[in-house]
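In what follows, a structure is listed as structure tokens, so that the remarks can point back to it.
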């Protein structure tokens, strides 16, 4: 007994010493941390690829890709704290909560870190600028237009969102409701907004619930990549393909199946690679002092061309791309 | 017949009927056959895994890793299908069961051989298995078009209007009804949970039983992993997060004693069905999504209290009856 | 029976040697803690920076504050998985009050009160109906967070008085020691004293070892359990104040999934999940170990390996010629 | 002596180097009741645990039907026809009487290997009838009285077709009436040719029911013999090593003032109108059948005293 304990003690001390010896020196690169809503999300994996592209193009960038395992603000705060401790040069963040991250991001900026948000924003006081893939108003309104075209401006529609706390989805939904007030949509009514929490099983069951609760449902908008795929599957399983139209924001690679078989005839999304590329690019230029991040400034962002910083220091990249049967194959290869 | 009324399961059954009646009074379409088929589909996976959980809880343990091992075996099945579409479906099913058995037996070994309390073991493997999902898929998803038609459609194939998903779960229910009620090992599971010392006196191998229940639960979870991924046609790293609590809730509602020793499969299946019905009903009568969680929580507590109170009352009745006999 | 006891005592006496002191649970934990620190400082040369070290504590002190009463809960043989939901509930109530213009002091009172009430409700149902704690708190976990969703829906409370930010964001004087950290250590001393130096603490251990025997020894078992659950609620309310103050806003999904992290911390700290055994020092070290890691595969492995060590040692020991003594 | 079924010779058992049993000899005969006598801690339970395979002896041999045997586990011992009714609760409270009887040796259908509940139920009914017990086989054990539980354990021993039945202080929690009933059953078992080991430290019981005796003291074998050939005093001397007068010298006690007065004490549904006085220097006995409410009264008084002025807490 004694002997074994002794051996184990020695082993532990050896681990101890090894861990001291394996000291890794600091690097000279500009270190940019891309902090996403959660790991294991295909959308953000594509953003990372874009970020890596920018890093390669500009050179001298070390891109740190990080995110909590579940999409929570607390998880992101924890990571930002460790990023501050690591003294990274910039943080590019897609926020899980518009307000909760403000205090920690302020602290990050106070310790000299450049903080910008992309995709899903932080309140203005918590970042230098926000890079929106497209204007929230445009996204919200265009989603409704797209669905209206599919159902001839008639019938009941519903929205299947991510979590009820998702900042960007909530803003888009506000704009969708705004658009629906236009006279053109007088024959359309929004009967329900449900939340699938970005989990396939919950989204699937919520979609099934919609079919049952609203037998006259004509269309569903799902402005989230998990939700739209799960709804597609639910439509297919319930035999409602074609009877209920589906549109929203989805990744081509995820939605290929449902676009091909007509379950979802049209959907849109911006290019997450471009989004990751631009935000990394802008973060680097801000760190180097080549961009100022002031309202009204026009930034030249590599292959993306010019992006202008609008009110509230929000920059808008462009319009989302619309995917249909004809072009889905091409894009499913990319993201 | 009188005995029937004294069973916990019966209370729950009445409670379910009560809810069905209440809801269909407001929304008659709740009573449609189609709706019940859907509820069956929704509760199939939950009931299966809850049966695995039941066996572990009956021995006095708990398994918090079912959600993670479900995700891991499901992800493995999906990746296998994606990269080797030629592998026949039954092989994939067998492989995912095997992976589940493996994950379960790791839990079982840690509990029975290393004597780590089940809650700690599975708390640990919960993080480990979930971590392995990330490692396995590298953060990407396997989505519908990357799966073969056979793979995706397996749970939907239906016969007499009922999907194979439901048939599989019925098969599991029957298999384990036989296992738990008609084999010695099955009864020994109850013995271990009822009284560890006594079970040693009658020669039950505690370690063997602990190992068996964790492994079997793993096997069921592995099968459920495949069904889950195939049914939702998506394998993600977040698959079945928080599922362990649902299975435990199904057991608790189904009258399984959380301290071990008692609990029946019928009770657990009813418990799972109960949860499915509540969820379905809340959606059907258009309860705001923000109210659903609170109502579910309230109903769980209510059901547990009713269950406990009724059980105590029944026991008192039995005692009184006994004293008359004496 | 007497003989076996005296034998065990003999064994204990023989145990005192340097190696055996090293193999005390707390020492092992301390060792793991040092390894974590070293690995971290290798990963980032800035890790050992005083300010950073202090700032990192913000992320786990709220959990740590709940871990303290959780020690009592688990030693009693119970468990409370509704604590994270109590945080959400208290935070929502504070948000409502703040919206109505209640000042900082009032918010603190509301946070503590709503937390205590929720904890008391748990304890009441558990003791009144004699239902296992895991079953009740499983339900109240959904109920409490559900109520938060009902009140808040998809909105958020963001307007808190400026002075409210003190609790979760400020430091003591200009020492760079967070207020939260100081508060935690004060509470740790209080809880440690109660657990190890008062009759109340001994009663808690008695309940965890054998609640029937405790009951027959005149210990008001159910009242003590009720108090412990209420205090757990109180501390969850306190944690809610700190967290709400730190992030300056409230959403119903706040502190989601914290319950398992808190329980893991307590268990890694050497508190027996079956009740009746544990001490506060182990838990404090374990709080800092897990705090400086992020809950992931490493923590899972750590948990299992650490708990496995004693059994592993027993395994290595050659079987003595007297055969196996079964209990 | 040819009806001797078990012989244990020179049994030694050490726990961590401390002797619990030191060279004990023990014989059991078919159709007879063999009493095992000794004070608490004399080693009776240890000996029984060795015989039932729970413990392994450090030294010594067990001879069953003239053949040396070893009992490495309880099952082996059980298979050899030895069955014990342990002092501690060794039942499964949440399972039925039937299942408690058959746990560990459930009856299986020969054709398909699955359990045959029907047969088990029949057998249980037969066993219960034999023991004149009016319990339904499906009753959960947690709803039985202590005496009934003992009977179920005996039924279990019978179901195993045990040749040797060990009863470890079976009377300690029974009322007089129940003890009488137990004796009846024991005599019945005896007449069927079972060997019974009866462990007790109550001498009157031993003289009432046993045929042979073996005395242990401090883990040592002291002696054995026929009950018919010995007097109470002699046995007592063997057990405690001194005479009875030395052990319990008679002292006169002063009866003093009343220190506890209980009047019309009632707990609804459990007991009612309990009144008694307790004086200083007095031993007050409470008499009644199991279930009469003796313990309940005491427990309630105890809790009540601890929480004077408040409603006693119910568990």
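Letters A, B, C and D mark the chains in the order given here, with residues in each chain numbered from 1 onward.
The rule is simple: a contact is a pair of C-beta atoms (placed from the backbone, for glycine too) under 8 Å apart; a residue touches a chain by one contact, two chains touch by 3 or more.
Keep in mind it's a predicted model, so treat the numbers as computed, not measured.
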Check: What is the shortest path, in steps, from chain C to chain D when you may only step between chains that touch?
Finding: 1
Margin query: For the interfaces B-D and B-C, which has the higher count of C-beta pairs in contact?
Written below: B-C
Item checked: Per Cα centroids, the chain farthest from chain B -> D
Margin query: Using Cα averages as centroids, what's the distance between chain B and chain D in whole Å?
Written below: 42
Notebook entry, point to check: What whole-Å value do you get for the distance between chain B and chain C if each is reduced to the mean of its CA atoms?
Noted result: 29
Margin query: Taking the mean of the C-alpha atoms as each chain's centre, how many Å separate chain A from chain D?
Written below: 71
Checklist line | Intercentroid distance (Cα basis), chain C paired with chain A, Å | finding: 34
Check: Which positions in chain C touch two or more other chains at once?
Finding: 130, 149, 153-154, 257, 296, 326
Next item on the list: Provide the list of chain D residues touching at least two other chains, using ranges where the numbers run on.
Entry: 54
Checklist line | Junction residues of chain A, two or more chains touched | finding: 69-70, 164
Next item on the list: Would you please name all pairs of chains that touch?
Entry: A-B, A-C, B-C, B-D, C-D
Notebook entry, point to check: chain D touches which residues of chain B in the complex?
Noted result: 3, 178, 181-184, 187-188, 190-191, 194-195, 197-204, 257, 261-262, 315, 318-319, 322-323, 325-326
Next item on the list: Report the residues of chain C in contact with chain B in the complex, numbered from low to high.
Entry: 81, 125, 129-132, 134-136, 138-147, 149-150, 152-154, 257, 260, 263-264, 267, 272-274, 295-297, 299-301, 303-304, 307-308, 311-312, 326
Checklist line | Residues of chain B touching chain A in the complex | finding: 29, 35, 38, 42, 130, 133-134, 137, 139-141, 143-145, 156, 228, 231-234, 236-241, 279-280, 283-284, 286, 289-290
Notebook entry, point to check: Which residues of chain C touch chain A in their complex?
Noted result: 17, 19-20, 22-23, 31, 34-35, 38-39, 42-47, 49, 52, 55-56, 58-59, 149, 153-154, 156, 158, 165, 168-169, 243, 246-249, 251-258, 294, 296, 313, 316-317
Note to self: For the complex, give me every residue of chain B touching chain C.
What the structure shows: 64, 110, 114-117, 119-121, 123-128, 130-132, 200, 242, 245, 248-249, 252, 257-259, 288, 290-298, 300-301, 304-305, 308-309, 312
